[in-house]
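Written below as structure tokens is the structure these notes are about.
Chain IDs A, B, C and D follow the sequence of writing; residue 1 opens each chain.
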Amino acid sequence: MKRSYSVAIILVIALILLGIFAIASAQKPAQAQTSEANIVKIGLPMPLSGPASPWGLIPTPFREAWIEVFNREGFDVAGKNYKLKLIQVDDQNSSEGGAAAAKQLIYGDGCKFFAGHWSWNFPAVAAVTNPAKVIFVTRTGNQALPKSWGGLYDPKTMPYVVFGSPSEEIFIANVFALVKKFPESKQLGMLDCTLGAGAGWDQVFDVLKKAGIKYHMERFPLGTTDFAPYITRFREAGCKVVYIAGWVGETMQFAKQRWEMGYKDMVVGSSGPFVNIDMYNTVCGHDAAQGLIGQYWAPWDYKKTKVNPKYIAMCREALKIAAQKTGKPYEYTGEIGWVPSHTLILVQAMQKAGTVTDTDAIMKAIRGGTFDTTAGKWTMSGAKTYGSPVVFGSPSALCEIKGDKEVYLTEDPTPPLL
Amino acid sequence: MPYLELKNTTKHFGKLAALDDIDLQIEKGETLGIVGPNGSGKTTLINLISGYYRPTRGEIFFQGKKISGLRPDQIAKLGIIRTFQSNVLYEGATVVESMLISSYQQYKTSHWQSFFETKAWKDENEKVVGKVIDLVKLLDLLNDTFLPAEGLSHGYQRMLGIGMAMISNPGLLLLDEPTTGMNHEEAKFVVDKIKKISEQGVTVILIEHNMKVLLDVATRVVVLSFGNKIADGKPEEVMNKQEVIEAYLGTETL
Amino acid sequence: MKAYIDYKNVVPKTVIGLMIFLIVLVPVMTSNMATLSMIILSGVWAIAVMGFTLVLRTGQFSMGQAAFMAIGGYTSAVLTFKLSMPFWPSFFLAGIVSGVVALLIGSVVLRVGGTYFSIITLALCEIVRIVAQEWEPVTDGARGLMTSPPPTIALPGFEINFAASPVPYYYFMLVLVAVTSLVFRQIGRSRMGGTFFGIAANPTLAEHQGIRLMKYRVIAFTVAGVFTGFAGSFYAHFLSVISPVMLGLWQSIQIMMMSIVGGVGSLVAGPLIGALLLYAFGIYVSRLPVFNIQYLLFGTVVVLVVIILPKGTGLVDLWDRFWRKVVWREKEFEFEEVEE
Amino acid sequence: MPPAGIWIDGLIQSCIYMTMAFGMVLVFSILGILNWTHGQFYMLGAFVVYYGIAAAGMPLPVSMLISAVLIGGLGMLVEKFIIERLTGPGYGPLYVTVATLALIFFFEGASGMLFGALDKGLATVLPGVLDLGSFSVSYQKIAVIIFTLIVMVAMYVVLNFTKVGLAIRAAAQDPVAASLHGISVGQVSLIVMGIGCGLAAMAGGIMAPVYVINPFMGRTPMIMSLLAIIIGGIGSLTGAIVGSIILGFLNSVIAYRLSYISELVLFLLVIIILLVRPQGLFGASRK
């Protein structure tokens, strides 16, 4: 062991520690700004690293653009003008990471509002936000369903959770829309990852059984790239339509492979907005991508849902800014029903309650209140079903890929729960 | 009843018979030398006794108890300890540590006592450490006691090997060519130590190339050739036997 | 004639003592729950890492330690959530169950050593995940189980309320870590520790000196399993949820990395340092707004530490290196290799 | 009896994992380590090919060769600066394992930052399908099969009829004797690492048009080819080939019969094999 060696070691460790502290101090400014009175901080634990990171990355330009557009006017509460500040933290797409991120946001940055999460960590995050009386606006689906439905959401222990996007209801509505659209299909095929199993699906099955619709469910292990066996199984079960839960890469590979296997007439839908039509065309091939069905969030095309033109203008503006910032054409509209509408719910509730700090008052304003958002004008309701009066409605529109555009397909506005 | 007894023990490796119907009795306190040209099955014999191999046929008895088929650690527990032909050590342990590790199986006090560091354990530990020091003295490793074992010279590593075998005071000691790769003085030194050991009443089985060494220490000599026992008796008379000379001339022509 | 004091021994020990004192006082110094829960979780991981390091002492390295955390977590979660048992018995059962599983698995699997063992444990880790995912009636499948915090302990004067703040958890964690450290330290010092070392250093020699390999390997594996199970139960209750994806292959890998970075030379200090530093580092990088840079930095740091530190010594080695070289300015002890 | 489509799929699966498994075994037989980063070299290879075709407009074979060279060089760097330092005397297998595992994070993070979050695809390369009546196969997958055959033949020739190959085999059988015969084991392991990673990169390249390209695409093939070489026997090249054939067919047939249970079945199978016959089906037992 030479002396220089140990010196090198100490150097490296010094570097590592230095890095840690540098990063630690990197978040100091964020904390410094907590003192600024007219800023309302909204936390957003999102997957910024790992396989799920696209969900954090792709919408970010639009998110920031939206906040920027929104802050041009800001919003007045009790005669004082406030601006929004969105803080994203990496939740590593895990419960542990989600809890850690939530704690940083609440106790480090002093956020009193969360505009959602995307990962599999609803319970972990909710367990952090509720004791801290932080309003957590999120979506229904897989774990985030009431106990009575086998989910993990308990209105008594989680009084500060607001379901601002009824993903579960949207999913069910879309399924029915598909069945209506393709009556010739004897059986509806449905595909999800093994991780997706749980309360959400049980609900879907119940509803389908009640409606007397035959379905065939398949699940694939995480990381599956070859869907030939599943496609064959769907084929043999006689499924003309296959609806895939939210997995973008898997959806594209499924569509591509069903095309290659010669089952060109098999309709493939995905319960999620299209990320980027160009991507679908380059991955699946132009022909295979045609007719892919996905959720549709562009409010300017809605025929049944009325969306405030002001917000439509703001969304288009935000899309433009995002395109300028990224330097590429930016067409991901999926975010419109997410952070923008969630922030609008929060803001309007604050205005109703006349406070930006007293979360209890704001919750009172949210319960049963009516909110005008980028996803339409809806009344928080669902008391009968959820045991919690804080579920929102949605246009639940569908679109399909035609050429290199996504075109409006159907729309059946979903009030909170069917 | 002989101390150790091999009843027509046979070991085959595939076709080749490494040992063929060996019958051997060893009395307590003997120093048995085993000689034979390379590949005559000397080491195989030790591997069989120490349980590294299982005999293809035949049985081995130690103090009337059948030991063939037992695991090496069971056999070692009975007091049959071997050394290895090459220097086999505990990588990264110092001399004294190696000795202690080897001695751990002989402790009377339970693991719990050592876990809670009770008085009984401390006392016994004291004793064992004392024993280790004596042994280190005996084997002349004293000034390397706290060196890593890999750091020792070849000869001292062999001595350490013997020491690690001795520390768990064996009834029967199997030494596999303890003097290989040593010059004359070193070999001489090792031989003296082995003499000292056998004076303490330890039965020794000693594999050796070197006739002089054998004549020096062994009270009895067995000659193996191609897996067969061709001679057995007092060193001097064995050395003069015709087959032995042939066997040796056959291989070690100078 | 003045009394001789071994400064080189006393001074570092006092410094360590001071550090421990500070650690105990952390909740008093900071009220930031984010920091607190960071330390708490790194403590939990440290326990798992200690388990890993103990198994490593016998020359085997298991790539599935997180599975035992999962088993522990699920045991106490199922007992409290499904069978509505009180917390404390289920907490201890968690350790025991995970220990028993370790005993059963170990006594079968430890026969094959080396890389094979690692891969088997890796596969077992995945299987535990899949079972947790598919065994709907017990584990509630992929949606996971909500767990309730330990019950409030009412003491004369004040009461310990786990639901209110992480401070009780913090001291609970400290106790758990302290007990584990004590046990592992004693194992390391006892003759069993020496035997482990022998087995790892040279199985053949050890076996020929009467050491039964399987026995000691299984013991190490089981002890590790028990404490990892405790850690898992704590983990599940602290995060108030346990789901199959939470403790899988990548968490096992994280455990391995913490162990190496901290240093496998010591059973206690290494794991503690490794877990705390790596975990803190992970938390801090999660603040960076750059996508996937978290992965990049994490990987870089681990690789650097593994490459640059001398073999077998992790960051823990820097402690006495610091005292020996920087403070006391000793010369490095060297012995000359003999060429054969 | 599963339909023919499943068997074709199984064949393609086997081919996908074969090249990777072969590379891993090659590395293992010389360096005595499992290179856990193999899947990430596969991923990087796919990206190089993607940019070669999409940005530089080169034909597929050319860009595959380029990626093989680049990634092979990268692998050599990794061997030189990381693996070599961690395989000296006194190092257990643990250090290399951890280092290569950490490299997984490094490469995934780096490519995540470089290449962005959007999935990439090359569906335009070799478009179209070959219709075989009851089912059809895409030309891309046929290309995979042909590629695998070529690679296997090439490797056979290299290992048996070239100096390098002989050196490699010698070093694999007995490093000491090899070094006595003037073969520098250090150099050989460098070359082998290069070849292994080059193979992984080419596999990634040929798979790029078939599947989605993203920074995390390397994980599944890594695990799968690991299972394959375990089934076949760690350290045996024939084992790698046979293992991946078995695995490929098992994978698609079980998935066809039992859907998602296939995962569980594979892991159980591997455990049983390792317990009953640790050296795998073809591995020489090393006691």
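FYI, contacts are C-beta pairs under 8 Å (C-beta built on N, C-alpha and C of every residue); 3 or more make two chains touch, one makes a residue touch a chain.
Everything numeric here is computed off the predicted structure, so don't read it as measured data.
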Grouped by touching, with subunit C left out, the other chains give A, D | B
Minimum number of chain-to-chain contact steps, subunit A to subunit B: 2
With centres defined from CA atoms, tell me which chain sits nearest the overall protein centre. C
Measure off the straight-line distance from the CA centroid of subunit A to the CA centroid of subunit D, and report it in whole Å. 36
Report the inter-centroid distance (CA atoms only) between subunit B and subunit D in whole Å. 49
Intercentroid distance (Cα basis), subunit D paired with subunit C, Å: 33
Shared interface positions of subunit C, touching two or more other chains: 130, 134, 291-295, 297
Any chance you could list the residues of subunit D touching two or more other chains? 90, 108-109, 112, 117, 263
Find every residue in subunit B that makes contact with two or more other chains and list them. 91-92
What topology does the chain contact graph adopt: line, ring, star, complete, or other? other
Just spell out which pairs of chains touch, all of them. A-C, A-D, B-C, C-D
Which positions of subunit A touch subunit D when the two form their complex? 49-51, 53-54, 57-58, 194, 218-221, 223-226, 228-230, 232-233, 248-249, 252-253, 256, 259-262, 275-276, 279, 281-286, 288
Subunit D contact footprint on subunit C (complex, rising order): 56, 59, 61, 63, 108-109, 111-112, 114-116, 118-120, 123-124, 126-127, 130, 134, 253, 256-257, 260, 264, 290-300, 302-303, 306-307, 311-312
Footprint of subunit C on subunit B - complex, ascending: 50, 52, 71-74, 76-77, 81-82, 84, 88-93, 97, 100-102, 104-105, 107, 111, 114-117, 147-148, 150-154, 164-165, 168
Subunit C-facing residues of subunit A, complex: 1-3, 5-6, 8-10, 12-13, 16, 19-20, 23-24, 26-27, 48-50, 53, 56-57, 88-92, 94-97, 99-101, 103-104, 106-108, 120, 123-124, 127, 131, 142-143, 150-152, 154, 194-199
Provide the residue numbers of subunit D that touch subunit C in the complex, in ascending order. 34, 81-82, 85-86, 88, 90-95, 97-99, 101-110, 112-113, 117, 215, 226, 230, 234, 263-264, 267-268, 270-271, 274-275, 278
